[in-house]
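Okay, so chain A shows up in both of these, paired with chain B first and chain C after.
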Partner chain A sequence: MGEDTESSKGNHSFLRDYVTEADVISTVDSTTQENLLATGDKGGRVVVFQRETVSSLLPPTSSHLLSSLLPLPPLLSQPKGELDQVGETGESGEYNVYSTFQSHEPDFDYLKSLEIEEKINKIRWLPQQNAAHFLLSTNDKTIKLWKVSERDKQPEGYNLKDEEGRVKDISTVTSLQVPVLRPTDLMVEVRPRRVFSNGHTYHVNSISVNSDGETYLSADDLRINMWHLGITDRSFNIVDIKPANMEELTEVITAAEFHPHHCHLFVYSSSKGSLRLCDMRASALCDRHTKLFEEPEDPGSRSFFSEIVSSVSDVKFSHNGRYLLTRDYLTAKVWDLHMEKGPVETYQVHDYLRTKLCSLYENDCIFDKFECVWNSSDSVIMTGAYNSFFRMFDRETGRGVTLEAWRETSKPRAVLRTRRIYTGGKRRRGDVGVDSLDFTKKILHMAWHPEENIIAIASTNNLYIFQDRVSPDTQGPDLGSDTI
Partner chain B sequence: MRKRGSRPIYMPVRRRREKANMYSKGTKRKFSDGVDNKAVAASYSLQRQSLLDMSLLKLQLCHMLAEPNLCRSVLIANTVRQIQEEMAHDGSWQVVTEALGGSGHGPSDRLVDTEVLCQSSEQQDGGPRLYSVMGYDGCREEEVVTDKALCSVVVGDRAPALLLGTIGHCWDRGELRVEDGVSKDSGTGEEEGTKSGEGAKMATGQVFGTFEIKNGAPGSDPALEELFSDVDASYYDLDTMLTGMQSAPKMGPYDFLDSLASSHGSVSNSSCRADLNELDHIMEIIVGS
Partner chain C sequence: MEYKVEAHRIMSISLGKIYNSRVQRGGIKLHKNLLVSLVLRSARQVYLRDYYGGICLSAQQAREWCEGEYMDSEQDKLVPGSTESLPESDGQSEVAVDKQEPSNVVESHAALDVESEASGEQDHAENGVLDSGCSELKTPEESPEASPTCEVSNVENLHEPIVPHTCTNRKRSADDSELTDSLPKKTKVMSSTLISKNDEKKAETEEMDTSNVSSLITIFGSSFSGLLSSEDGAQPDSEAEDSDSGQICCDQMLKNLNPWSTAIVAF
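And then the complex of A and B:
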């Protein structure tokens, strides 16, 4: 991975400042894939992790970036006998690098004289339909469909080619043989299958695969396009909020997602804190929303930063399709799709920052875009914060817990302990003061396994994978006893 | 927040500390009666002005980036508008516009619109006048920080009125119509030479780091002259040539050309296209595609 960065640095030295920045993880996804996890980084690379099961023993590939940081011991260090005892599929729960590939390269828009970053903004897995896995990855402008497949057999015994592939001299062929497939070492092949380019003038911030399995949407700051997975030269524009006069622009699209079950519904969020649910059956261009979810502003707490703080950075449908989870700068909110006038639940993620907004505005932290995720049963929501902290909220009890993703304190198989921010009152040992928070360590990207209580947290260039040993299946993690 | 050294300091060092203290409680207006009402109001308006300055500087700086973040810019611009409206509502905006000087600007203009900018430029000769929000001294951050005089000129009184009119154009680089493309003041040949020179600068240095924007005609409003001494109309031409044919949203330094162009009439498309072909050729050579 170091070599990749070096070579691209040489070609674009006037465009790239830091080598290390290329390793910063910019997106994580594991939805719909039971045993695969993909991360994209600023250098345009995608790393796919696979959860080890008894049946699939992969030798670790070039994982020097992350293998030392996973809080789970590498597979090969265990003697074989122990592995057998681990038991059923998935119980070992080890994630190892499955494949690494360069998804996007830095590009240059000659017409506008602007660099197009290779940073991967979003990755989304497609629902699995056969033995191969497909994922969509996007940078600011171009979306690519990648096929990740395994090959463990190879044809041997060609008549006209020898083992190295060179053409044989025909005079040496005295008899015919039938090529046979022989098992070989497992190889993971990644090939680009589609490239969806020239669909966006602005920066793509979201992609979402439709439940119909055939289409997906991509959203940039002002437009949302719908694509067919098989067609790369056309896309439908379904939302366009670009004003005729750009001077009047006051609102941009920040995130968009398809409904998990209804292929005609999608939602998009805006920088003004509103959500719009659109039904594609109503019209071809869904500029007029079907439902507008907006919380009326509290006039008493209005400040100059109210609008910035209300900008929604991420929106996610719940797995059952009845709720929406949104994240703005200070809170995470759960909305009922049937109630537009306000969220049904509001969780304060880091309210102690409310009095620091001006400083956060000065150093641009107020513009950080945090993601949020549901657990598999929609009973727990999770989102990131600063200082390598992330927060989980149990919807049934309303309780929240703060956990830390930090290498020093996370030994393999150690229990994560809850953290507290000291905001007044009695100070306990281990409490962290608000002024000593490290705002460069932000947890922006995360993923929750679609069925189990396994979470992946991306912190700068580290990926942490945590598993709940107490309640490993679909129930919400037991927040009282912490997750591992 | 310990980010020293990792971020450019937008504000002059002297003001930073006092601002941090002021903002520790947010920017809510406090209700107080009696003796300290004036003091509170004064400190509030100082905070507000400081926030305005910071926002404007952020907007200027983001024009320098290769890929400005549209969402961030929109949010900052909205904040600036909100402050502006509140200041107008308070009546303190009157002070600012008066400080701007007569020259035909209505002091009652709450939101300074493009007309103001167009008027100033029309008084001068030559082609489209371009003065960038960040035009002074090629936007070197050190100068903004340490040159207090420059800061106060830019940020204190005059600039808000002028610059706020441009807020709406911040991300409008791609909206330049073809009319903007070819200036009236120089022939094609002359433009070519300039363009290739500028283009070379573009390829070698940072994409937006080194160009300067010169103000073409002398003898104009001295305040503007002082403020926007680096406007280079010829480089603007190169850029609009490149972007004029395609509607693109990239925010750039030439964003409020829209307003200027509308007052300068239009130029035919065909001459623009011929120039564009030559430009393509030049760009190919420069970029080595």
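And then the complex of A and C:
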């Protein structure tokens, strides 16, 4: 315990020089992309990472990033043939910065005298249709569609402009030439293609691209709108839970997502812990749900904070579209779409915090919104916790592991070591006591590669990328050894 | 008694959060403020319940309250043995206590109770939703000490029930195992929110407002419209005293109000 405290103190002073509020990562997404990962931060910037598929190594170009390769513990690894694409050096697969751009700027609503934060709340990639990549990014009020494309050729030989672009004096032009495309250094261009504004009165918390590839939904606290990717001046309101009298408000929408295969189905979660599946074929306004997923509250565990703890912070469909994964403050639950009366699996993420809810309420940690993700085969779920820990649960065995995303304890190419929280009983070396958890180091945002065992974990202003690697050098589970 | 302290502390913290949210960047976060207000109501409920328990145990008032409770049709739903237990209201808190869970747990956020307490006219059976939390009020231990402060009701009238329907649902699900005891029952009766209220009561409520509670009442009375109005940029002046007003109002109420005055129906 002593060493944990010391190392965290040391790290604070080290980081203080580098962390700025604006660099805090606020969202991560790689859902439809094999080789791209995007992060958004509180300063309105989006950073896109690309996975190198050749064996050349490029050093990270951004000082506030950390990208490392670490094999996942074998107990969760799923060896796949395609992981053996390693090149001769065995170094391929590293993520590097592909592009950085300012997506949103701070804005001001003059009518309400409110400042609109530039923080990126969500990023979602669109399914790739041509050589360019498209992503949607949103802050509290405005959604933007960005096109990320590469350019490796440039036209040269204009008649009216010189090489620097200055207009030539016509009298100096003596002959005409046809501009030709010449190869240049690879450039990544990012351009805003659509701006979807004025659709929301409340803060946008989710966006989700439909499987039809043409529409997407955006959800704020009380309404969900459906947009067409090509039309920016109007949207359809498909859910509206605003009561006639705002004083009767009891719940808000916390997350929403389209079904991965059925373009008419979507789900939204509420602050009361319920999920509603809606079918857009039933009516234009889906205020009446098709299915309501709700677990009856356990009267034995009531407290002042029961409502806060049961509020769902994230909802995700499984890749096969049969299950839903939800995250509330203390648990992660898997629901079967065919069973509404309760989840089929419940995983305790950090139940040891249940007795500390009052102090977590005071320091606002109880309002943290953790995300959750599925792996590609829907057999493993992952979510974040405090102290730079994140948890993975194997659905087949029900077992969970705690892993840490912290640069001081992670060396590139080292095996990730599982961690334990000490909650009583025999204490092992390396166990972390509940009272020594650092609640400022929270893992809220994460992404899992759509096909491979590559995960991206955002911790404050750092992004950790972990990969599962099958190689003869992989050690067995490294559970007992001490580190550093 | 420590529940009261804890509840009071949570109330102060919650009010502080609501106040701070009005000045933070990006505008008011509806979700967070909704959750904070739910916690605030739960805490308020517990806080007032403590005083309320004191009132009930006080002989005279207790009997009079009890009589009114008979008329509460709502009781039957949740309080099977209520009628028999009525006569015992004076002293036997233990009855209620036994089955109740250890407190500090305020279930039913349903803020209603707050108002309900204010509105708890003993003579009028409320059709309104009874907050389940009410039934859980178990303050038998503390009741003897609590002075019959009726701050209960007044503080409560603040705000109309935010979710009457929700309350009902919660109540039913949570209270099945709950004790129905004279004490809790009373509280519940007292606290039952009025969906159908007497005009008379409403008038009384208005008269009863004191300056001490006015700021707090304004805040709660406006509830989300208050939050929304600040979203729209308007900020009531009284909000500046959120944190302090809660304490002042509660304390003052304790001293000044007599039990009968608390039988005021909110709205």
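The rule we apply is simple: the second predicted complex is superposed on the first by the 401 of 484 C-alpha atoms of A that agree within 3 Å, B and C clash if a C-alpha of one lies under 4 Å from a C-alpha of the other, contacts with A are read in each partner's own complex, and residues count from 1 in each chain.
One rule holds in what follows: a contact is a pair of C-beta atoms (placed from the backbone, for glycine too) under 8 Å apart; a residue touches a chain by one contact, two chains touch by 3 or more.
Nothing here was measured: the structure is a model prediction, and the numbers come from that model.
Following the overlay on chain A, a clash is recorded for the pair chain B and chain C.
Looking at the shared chain after the overlay, A:T184 reaches neither chain B nor chain C. In the superposition on chain A, contact is made by A:E297 with chain C only, not with chain B. Once the two complexes are overlaid on the shared chain, A:F439 sits against chain B while remaining clear of chain C.
In the superposition on chain A, contact of A:K356 is made with chain B only, not with chain C. Judged by the touch definition given at the top, the superposed model places A:K112 against both chain B and chain C.
Of the two partner chains, both chain B and chain C are touched by A:S311.
Contacts of A:D140 after superposition on the shared chain: both chain B and chain C are touched. In the superposed model, A:N198 lies in contact with neither chain B nor chain C. By the touch criterion defined above, A:Q154 lies against neither chain B nor chain C after alignment on the C-alpha atoms of chain A. Working note: chain B versus chain C after chain A overlay, options 60-68, 186-194, 258-266 or 276-284, clashing stretch identified as 60-68. The intersection of chain A residues touching chain B with those touching chain C, taken from the two complexes, comprises 112-117, 140, 202-203, 221-222, 246-252, 254, 271, 302-305, 307-308, 311, 358, 361-362, 364, 367. Residues 14-15, 108, 110-117, 140, 201-203, 221-222, 242, 245-252, 254, 271, 301-305, 307-308, 311, 354-365, 367, 437-440 of chain A touch chain B in their complex. By the touch criterion stated above, chain A contacts chain C in their complex at residues 109, 112-117, 119, 140, 202-203, 205, 221-222, 246-252, 254, 271, 296-297, 299-300, 302-308, 311, 358, 361-362, 364, 367. Of all residues in chain B, only 1-3, 6-7, 10-11, 19-20, 23-28, 48, 51, 54, 58, 66-67, 69-72, 74-75, 77-79, 82-83, 114, 168-169, 171-175, 202, 204-207, 239, 242-243, 245-250, 258, 283, 287, 289 touch chain A in the complex they form.
Residues 6-7, 10, 13, 17, 25-27, 29-32, 34-35, 38-39, 42-43, 46, 101, 104-109, 159-160, 162-164, 166, 170, 173-178, 222-225, 228, 231-233 of chain C touch chain A in their complex.
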